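Just so it is clear, A, B, C and D label the chains in written order, and each chain counts residues from 1 on its own.
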Amino acid sequence: MTKIKVAILGASGYTGSELLRFLVNHPRVELSYLTADRSAGKKLHEVLPVFKDIIDIKLHPLETGKIPDNIDFAFTALPHGTSANIVKYLYEKGIKVVDLGADFRLSYKVYKEWYGQHPCPELIDKAVYGLPELSRAKIKKTRIVANPGCYPESSILPLAPLLKNEIIKSNTIIIDSKSGVSGAGRSADLAFNFCEVNEGLKAYKIGEHRHMPEIIEVLSDFSGKKVALNFTPHLIPMDRGILSTVYVDLKKKMNTNELLSVYNKFYKKEKFIRIMPENVYPSTHQVRGSNFCDIGCKVILQQKKAIIISVIDNLVKGASGQAVQNMNIMMGFPEDTGLNIPPVFP
Amino acid sequence: MTKIKVAILGASGYTGSELLRFLVNHPRVELSYLTADRSAGKKLHEVLPVFKDIIDIKLHPLETGKIPDNIDFAFTALPHGTSANIVKYLYEKGIKVVDLGADFRLSYKVYKEWYGQHPCPELIDKAVYGLPELSRAKIKKTRIVANPGCYPESSILPLAPLLKNEIIKSNTIIIDSKSGVSGAGRSADLAFNFCEVNEGLKAYKIGEHRHMPEIIEVLSDFSGKKVALNFTPHLIPMDRGILSTVYVDLKKKMNTNELLSVYNKFYKKEKFIRIMPENVYPSTHQVRGSNFCDIGCKVILQQKKAIIISVIDNLVKGASGQAVQNMNIMMGFPEDTGLNIPPVFP
Amino acid sequence: MTKIKVAILGASGYTGSELLRFLVNHPRVELSYLTADRSAGKKLHEVLPVFKDIIDIKLHPLETGKIPDNIDFAFTALPHGTSANIVKYLYEKGIKVVDLGADFRLSYKVYKEWYGQHPCPELIDKAVYGLPELSRAKIKKTRIVANPGCYPESSILPLAPLLKNEIIKSNTIIIDSKSGVSGAGRSADLAFNFCEVNEGLKAYKIGEHRHMPEIIEVLSDFSGKKVALNFTPHLIPMDRGILSTVYVDLKKKMNTNELLSVYNKFYKKEKFIRIMPENVYPSTHQVRGSNFCDIGCKVILQQKKAIIISVIDNLVKGASGQAVQNMNIMMGFPEDTGLNIPPVFP
Amino acid sequence: MTKIKVAILGASGYTGSELLRFLVNHPRVELSYLTADRSAGKKLHEVLPVFKDIIDIKLHPLETGKIPDNIDFAFTALPHGTSANIVKYLYEKGIKVVDLGADFRLSYKVYKEWYGQHPCPELIDKAVYGLPELSRAKIKKTRIVANPGCYPESSILPLAPLLKNEIIKSNTIIIDSKSGVSGAGRSADLAFNFCEVNEGLKAYKIGEHRHMPEIIEVLSDFSGKKVALNFTPHLIPMDRGILSTVYVDLKKKMNTNELLSVYNKFYKKEKFIRIMPENVYPSTHQVRGSNFCDIGCKVILQQKKAIIISVIDNLVKGASGQAVQNMNIMMGFPEDTGLNIPPVFP
């Protein structure tokens, strides 16, 4: 099989590391070019010792002019703002790209409101939001995919079927999300020092997290309804995993099994979505290291409320696994190529 | 100062251990009698090495007939069902007791529904629910205190002021609680083995946890309103701490600062309740090992919603510290005696 | 490619789970038969939810008579004692087996001393100790492999080259090992409850651990020297990983680089052994989930001492990955088939 | 009782926080002055929320000129080098000080070798190494105490009785130490980010840690022997605790019980040293949050080796608790004032 030459721009962080884990054994991928601005000149294994004797590549600085011409596909795992200009460069070169940052996830208006002036507004319409379970056809045709944020991934997947099927009220949704620490990225910051995070938990950015407008926009677009919701993220003392507890009001009476069959039907053909049986709620343990999103739920009959639990590995289905899945679609590879790795437990 | 002779029935678990930590330095308490059924005959420090060279007491089996007559006060930290009969014995002997179990927290009817037939229904009315911030006067006069459950402690304290002041709708409350593992007690159970719990989280007993009716009854009694709510507990990979994220609908428009002043006013004289300033949300880190309940909140103006965050140490304000506070009140000691220990960080 | 039918006897524990993780994607393996005595009758994913929608197999009770005749290869992950009789049955049926237990790791005499009477002494000589880096040729020819213990794996690999090359004194070796909790297996035991293990560490079975005679016998056999050593295991609050700190006396003066070149030469062709450069000591982080053993060292010149650090994932190179590597050798598959999975970080 | 006015210079780190935890309830101490250079101007509880509503003090910048004249006693918890000049200022002002840094722990010559030129060599002889179990009389008389490093505290206490009693060889000692992450201090550093540290362990600075010469000098001085040893520190994924595994060669045959009685005799009157019975090895769990050092041991008869296990809380007996103990001695208070707090478990 021929291989495509792949670049990862921003390879030394946690999402970069996960991209490498999935791509190194991908039968259609040749890892060709890696950048890591602060570690340029070093060998990859000096900053990510896991790859010693596995990947023998030098890290380059992030300079568009130096990206080799023969690259077929790129992943950008860069701070927002920085990303947009790199994506523009790649787009103009004709290199397909999955951007793991936030620059192409939102409409012009909402981006401006939450992140500030967009660096390349002209490209926003070229990009497709990369959630294959909702928009596979569009991903197939685009050259720029905006990879979903981790919280949105874990929130949209449990909500989309319910909104699309008009089963729930669209303006009383509450999402209570709990994330492992790797979601904060790989950088020196006292707030994420071991002793500051370990053995405790907290909520943060209540009603103000930038992933909230992303969830709202994507769900509104997909369902054709004006979605209003409440999003509260929490930081949990663990490396990986997001569990979102979603509270919704049912429009009509239905029981847990009926709700589960909505999910089973909607996601019937989806390889990376697993629906739990009644009375079983998924734990993040059961998806760690894998590209699965597992969903369970419970209906409280007398209140016409449903509580839905979704779990993902924030670095996989919430970032790099999702990105590889998007690449596979964009390149016409079988969608699960390189992603058939079972979760790691314990 | 004279000292009272205190017994702890069920001293070898986590709540027993915490009782000992607070009582060993309590200036009005002499630790007289400890039971631990499965470890009877051993020295305390053989099952709780922390107390080596601090408490030199042998553990007794749990037999009412063997409880010494000169005991002035008892704490029962026993499985529900077992507890009720011991409490009855103590009551008849005239020994005041704080029961850390569930046997006297609920009305006859609700107990029956959630736990089964009550072993001593005649005593239910003698017992007072031991949340001093709501019912200090009654605690002062009773001989049996039902110590609150850990989740109820963390849920009732943030909700009581809002219900009492008629600020929120009483039937749309959502409580999303996250607890450390010590809440499950000290026993051999695969479900709580290190590798089953560490590095992951899950929801459990959604809408079915026995602490839910406790929260509802106490809040309904206190506020005089019929409270309806949704309670979802989660297990977090940490030893101690409960963080409850409470979602409420405001009856009228108010901002975060106005909501905070409701709390500040209601808890003005309470030594163990600390209200965070605007934009600060408490972490369980800041109460670990202490008897504090810290509360912060955020109003989402356009939705007339408020999100309230409360944190406690489940073993202290959620169990043993609360129990000592109740003893102090029942015995006429200054309420914070033995409890003025700052939190332990990190 | 044709596939062999594989049985795992004892599939529901941590080593069973890891075998499944590696075998499910192994191109030459068909998972045919799984036992799990206490969960017999259940589906695999009911006890190991990670495998939902990946492996759809029912768990059988452990009865030799029920093992299907068409099995080509078996892994036994059973308590010692139990294992031996199963292995005997398989041997007589002509089914090759890797035993992950302790029953065939030791000589008759040493087994008796440390474990008691051996159930099938006649088979001891048929079995080969399965450390391919030391005895690949023998593994190729045997029908029973005794898979190394996790501590021995992490201790023998750093010591074998030094003893074989007569670089160190054979009777002053000290091994200070630190293991994650999964090494204790998957069972209900208060000693391994989350709160008993988390946030603390301890030494145990000092000079008495059953892995000590295993290390001594294997190293003595391999080097032809009478090895004497001191082994102290410690329990570390983490899921996976063993780090062994090995203290040795050098027979002659040499520096760190010279010592490293001994390792580099000895393990030159070994795919799963990685030698760190000078001044770099491996962390268990860098091998988690993978079949690597990473080794680093430091010579203290003035004392003619060397300190060697080895790290493995106790469940992979210390158990199930090693077992699959042994199967590959026994069956004539490329040795790394199914094991080319990079470590998982973070 | 009259109170002394106490200053903490460097109050916002982990050792500063622990000093505050012990001093806030110390009956002879009034917290008068706190500095925290990077947080100057803030209230203490803004950087250490544990102290909200407990300590209402503003943080000052670190400027000698601004230290109030009425301070009676000071603790310095500052980087080495910085500390020395502050200590000099305090000394000249006649303010007694416990320095938690490294500036006065070593002789002039050894300091120069390991830390560089000493800022105030003239003061080195005025300072006393603050390990009361070895040098209580000197501490009583000095105005400058150099508080021991955390690793030395955990290493010297198990070794001193054996060297003093000439029971072990003084030049073949091996110390394998394992420390929680708080030992690295409270600062932004990628190496101590949660995901870099959690779920793994590593050795570091093998034979090069600055605490090694401290251990050697103190033990040599105390025993009158030239001590040579090997020190390897490891970083463990937990907040607090040091466990040191010490390997020694016995000069003559003795069994475990005989060795234990050496300890029991040597430390008979010591309130903060607890000796475990035979076959019990201490866990760091049993000292967390307390000023205890617990010691257990095992003799390997045939090798004439002993393995000694010592555990401390690195922030308490390894830092701030030890510092308060030293202050008590220097000020003539009962030595355990403010330190009678049981360990916190779990």
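Throughout what follows, a contact is a pair of C-beta atoms (placed from the backbone, for glycine too) under 8 Å apart; a residue touches a chain by one contact, two chains touch by 3 or more.
This is a predicted model, so every value here is computed, not measured.
Common neighbours of subunit A and subunit D under the contact rule above are B, C.
Taking the mean of C-alpha positions as each chain's centre, the chain lying farthest from the centre of subunit C is B.
Note: centroid distance subunit B to subunit D, computed from Cα atoms, is 36 Å.
Between the Cα centres of subunit A and subunit B there is a gap of 39 Å. The multi-chain contact residues of subunit D, meaning those touching 2 or more other chains, are 14, 182, 195-196, 198-199, 237-240, 282-283, 285-286, 346. Against subunit C, in their complex, subunit B makes its touches with residues 14, 181-182, 186-190, 192-199, 237-239.
Here subunit B touches subunit D in the complex through residues 14, 17, 20-21, 24-25, 48-54, 182, 199, 239-240, 274, 276, 280, 282-283, 285-287, 289-290, 294, 340-346, going by the rule given at the top. Residues of subunit B that touch subunit A in their complex: 174, 176, 178, 195-196, 198-204, 206-207, 228, 230, 232, 234, 236-241, 243, 245, 247, 281-286, 288, 298, 300, 303, 305, 307, 309, 311, 346.
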